[in-house]
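As written, the chains take the letters A, B, C and D, and residue 1 is the first residue of each chain.
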Amino acid sequence: MSILINKNTRLLVQGITGQEGFFHSAHMMNYGTKVVAGVTPGKGGEWVLDGKIPVFDTVKSAVEVTGANCSVIFVPARFAADAILEAADAELPLIVCITEGIPVSDMMRVQSFVQQKGVRLIGPNCPGLQTPGACNVGIIPGQIAEAGSVGVVSRSGTLTYEVLYALKLNGMGVSTCVGIGGDPIKGTNFIDVLGLFEDDPQTESIVLIGEIGGTDEERAAEFIRDRMTKQTVGFIAGKSAPPGKRMGHAGAIVEGGEGLAVDKIKALTSAGVKVVDHPEQIPEMIF
Amino acid sequence: MSILINKNTRLLVQGITGQEGFFHSAHMMNYGTKVVAGVTPGKGGEWVLDGKIPVFDTVKSAVEVTGANCSVIFVPARFAADAILEAADAELPLIVCITEGIPVSDMMRVQSFVQQKGVRLIGPNCPGLQTPGACNVGIIPGQIAEAGSVGVVSRSGTLTYEVLYALKLNGMGVSTCVGIGGDPIKGTNFIDVLGLFEDDPQTESIVLIGEIGGTDEERAAEFIRDRMTKQTVGFIAGKSAPPGKRMGHAGAIVEGGEGLAVDKIKALTSAGVKVVDHPEQIPEMIF
Amino acid sequence: MKLHEYQSKAVFAESGVPIPRGGVASTASEAKSIAQELGGRVVVKAQVLVGGRGKAGGVRLANSPLEAEDLATQILGMRIKGLPVSKVLVDEAVEPVAEIYLGVTNDRMMGCPVMIASSEGGIDIEEVARSDPEKIVRVYIDPLLGLQEFQARYLASAIELPRNHWREFIKICLGLFNAYKKTDSTLAEINPLVITQDEKLLALDGKIVLDDNGLFRHPELVEMRNIDEEAPAEREARIYSLSYVKLEGEIGCMVNGAGLAMATMDLTKLAGGEPANFLDIGGGASAEKVAVGLRIILSDPNVKVVLVNVFGGITRCDEVARGILSAIESEKPEVPMVTRLVGTNEAEGRRLLADADMITASSLKEAARIAVEKSKEVGKK
Amino acid sequence: MKLHEYQSKAVFAESGVPIPRGGVASTASEAKSIAQELGGRVVVKAQVLVGGRGKAGGVRLANSPLEAEDLATQILGMRIKGLPVSKVLVDEAVEPVAEIYLGVTNDRMMGCPVMIASSEGGIDIEEVARSDPEKIVRVYIDPLLGLQEFQARYLASAIELPRNHWREFIKICLGLFNAYKKTDSTLAEINPLVITQDEKLLALDGKIVLDDNGLFRHPELVEMRNIDEEAPAEREARIYSLSYVKLEGEIGCMVNGAGLAMATMDLTKLAGGEPANFLDIGGGASAEKVAVGLRIILSDPNVKVVLVNVFGGITRCDEVARGILSAIESEKPEVPMVTRLVGTNEAEGRRLLADADMITASSLKEAARIAVEKSKEVGKK
């Protein structure tokens, strides 16, 4: 078993006729993901991707017609909050938002509504999820991971690909890879995913990739100490980042003495996590 | 046993130094209610009611110091939403709002927050609750009911007193009387209270007093049909009220063909409720 | 409190809802100059707070400023369902291609605002609800979040609005919701919202009902109240915070508490009479307020008997009695009065009324029975 | 994006927060006339987007317009922590009786705004957090409901503000929250909020940090950006949507992805070097963007070697190679370049770079090691 997505995931793509949405929909379909519908307001009734995927005006009608149970969002930042709210209102149990650059004020409102509705949001500003061999939701390249027993959870994109690739080169496979995103306020945190991995029989060990900013890794360390039985290997990016500067990701900033890589490494290490110095070291730490 | 309030209720009065709050606090204390604190912003540190009741600036501090577990609100309408929000934020499990005239827009916001917090609001625009012989929260006169086995739930004030008095004249006692209030949007509805009465061993039969406007009574009828085993006697005020006119209570209006007394009486009757023609008939229907 | 069409449309326009060009006139010559300024055909519309203006001849098309003047003269002289027309709205005439209904109101059961749209605009939405319920589409709005674009899009899609109008329609939905919210309305409605021949959306008629409890936040809206249109009794009741509703019967009722007042009316009817009014003097009423209430009842020429029913709690029976005596002294009513006082200071109240020419009853049922009997006796005289 | 003190205070004032009388000047003579208009003592404050102005002599009291002019001349000639002072704020001088801290920011962990107050204002709140943590009071704000009066009252009570100031303080809290919300800020702070000798509250200094992601909603705020204060490299990066942070080391890093860019810097450091910058070219970067990125790196005179690390996904290695070649052609860099390209179109990318004078590495670790070695060699020359 994997977590969150599998062969039965019926995927809806919000923003399917946009450049990015279109490009990645094709990739996801090639991967074998069941893309069942797209939404672009004003384009309902069209068919895209070799006439295979119907486009709807609203999420509600797309879900009613196609039975989609997961949505991935590729709409521009200024429309993304509305898109997430629409998916949450339609009570899609899993919503994955790839979009980067959503205002924090929007995300706070969205988060509050999503929690009220009891649905799960992954992201925003994330690469999505991949259950190798079964389902790919988002933009994680398809050829860099094989199915296996390592669960991967990460705040980063390319750095995660690096880790997946290193695992593959070392003959190790992945149960599910979850990119939770680099924004300060996000739908799903490390501890949510760690809990799912702990309960997933396929997952035998876990790779956690964190970075500077916030205290998510510290909370993860607490959770690992108190609740996890499976082995966890960690990497924290940004040891060399100066305080007060935003390192690309909206959430990657050390502020008021909070969010330092060294504190996160300390917390994880004392919770029993093996924290490596560079991503290519990860495979050798897993046994 | 009674419902919602009893001898262990530790009551906080919001607006205790106002004319109404002060007057009714004295009455409630005379009744034997454990009034433990008052709140009036800017008057924290004073003592009122013969120096027996400490006044606090905030609900939070009042609760911390006195362990209050119920609040009754007497503040003017324009400050009432804030007062309810403050009580809900302090997670007081029972909040009773007597204030009349709160804007509907305020109540919609308040309601949403109160539900998120998981606390119970009674009212607004209600006379409060009384468990005869044990506790009186609000403005129901103290001498018109005896302890007993009849549960009373009502959208009205004086009409309820009339019923309580008629019961008393006929030698019948009351377990708890709950005035849920005459506003269109309120914290607690008939079905909430009916459920509590159904589960309360002391309550053997129930009097439900409704009025025109909305569909609360219709929903109550459904609930009674499906879930209640105890005898319920009903009265609906407003059979002679013309449509489109507001009969005093903000919620007492027949609009768009909805809220007619005749429909409510029909629904209740077909759910097995004995609906009487005038309040003084009620005692003879209870056995 | 209801706003007039012209007032509602002004509120909508402030929130970005497009309305026809036009102006409001109190005289025919004002109407003429507005028509002149607008040019072309205009529509002259009576501004009264009651439905059915059109059928009553209160909405007329004029081909010229002179005709507009003429029609305004006629309409300004009308009474529609008893209400005088003191203003007309003169709008550019628009020939709609389609008529849509769009409104937002409070949903009591859901405890939140609901926005309602229908492709069948231009007629009463309750009529559509009866005849074509599937033509009505609703979205429930989170009171904390407010209306979201996706909800407006859903409405556009569900009423099958042509796609070229979506952007504008969504803007109008958001504008209407904003108007509803910022005025603390209980209803804000555009009916019809039309598609014009040049492919624009326009709010041809509008209605706002304000929440009286929210008026303290809107002194600018309170000023829009036209007191000329209020009956004097209603105005007096409003000023003294009495809940008063005039009815058509002959038994005047004065009661403390809304539920008890309705029950008293109902019982009067059950006993074979007809209530002349609903009147709730509220909790803890002063003698002055009681006296005003009684004066309002007595000012209704239909009233043949007065029934006072007070269950004292915060309200003190002696205070009520004093109010009654004071009104009797000033008004010297010739109709019989039946009183039933129970509760706080009941004995003192009865004592005060003992010398007045007053019938007392101990139960509500008895009081109603006597009042009806008396009303019939008066009728026979 | 940060707003200057004078800009922040203007935003606060619009939301009803009281600020001192004053004006902003770009020249000493403007400063003089503002001082003249204000009368009395004034304070002349350097407007730079960096802390520690006071210690650097950028905030001075003037007893006369002439003195204000003199001080403005001095301050306008200063550089504070490397930033030139191009404007001064001239405010009426106020002698505070008490200094309060009041700020609102986003709480990452709670996912909502938090308002923070302290009776210990006038100093950095992080310092108070270290020395007197119990002097800091927080209220978490429901993002849909917004700040409520009871929460502001709680702050007033918890910082033991004298009661006569509560009403005004609550108004200021609501105003500050409104300013924070309507500008999509991540921080809006009044420090200090002072009680004056005539018992008034006044926002003596203010700071707003805008959410760059929210700027599309605020063209009027974007215009407040003073591009003179940006380093040219930062400005170019911003225009091309590159994430660039200048650092003090000698190894220039160009990477796709923020996390990978940090990891590359970290590894450089682990190998004994110092990164010269953080630079994320983003996902799916074009050759042009890559070339701009490389130019920015090469414009830093400290850079002794360039390390390019690209893990191709959406980003294509051949496109990156083309960008590198184009930058090499135009910039003709003399520093060695180490590249590691993996993933989409990796072979084509390597082929393109084969002819250029370029060191290639296959692993990240190896790339970092070589880059550090090369930087040391350069150093020895």
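The rule is simple: a contact is a pair of C-beta atoms (placed from the backbone, for glycine too) under 8 Å apart; a residue touches a chain by one contact, two chains touch by 3 or more.
Every value quoted in this text rests on a predicted model; they were computed, and no experiment measured them.
Most remote chain with respect to chain B, judged by CA-atom centres, is D.
One simple way to say how far apart two chains are is to compare their mean CA positions; for chain A and chain D this gives 28 Å. Inter-chain spacing, taken between the CA centroids of chain A and chain B, is 48 Å. Chain A and chain C have CA centres that are 54 Å apart. Under the contact definition stated at the top, the residues of chain B that touch 2 or more other chains are 109, 113. Chain C has residues 142, 144-145 in contact with two or more other chains. In terms of which chains touch, the assembly is arranged in some other way, matching none of the line, ring, star or all-to-all patterns. By the definition of touch given earlier, these chain pairs are in contact: A-C, A-D, B-C, B-D, C-D. Contacts from chain A toward chain D in the complex involve residues 77-78, 101-109, 111-113, 139-141, 144, 154-162, 165, 182, 184-185, 209, 211-215, 219, 235, 237-242, 245-252, 256-257, 261, 277-280.
Taken together, the chain C residues at the contact with chain D in this complex read 142, 144-145.
The touching residues of chain A, when paired with chain C in their complex, are 41-42, 44, 57-61, 82-83, 85-86, 89, 109, 112-113, 116.
Every residue of chain C that touches chain B in the complex is listed here, in rising order: 106, 108-109, 111-113, 126, 129, 142-144, 181, 184, 186, 211, 213-214, 216-217, 243, 245, 247, 255-263, 265-270, 275, 278, 280, 283, 311-315, 342-344, 363-365.
Those residues of chain D whose C-beta lies close enough to touch chain B in the complex are 142, 145, 148-151, 153-154, 157, 163, 166.
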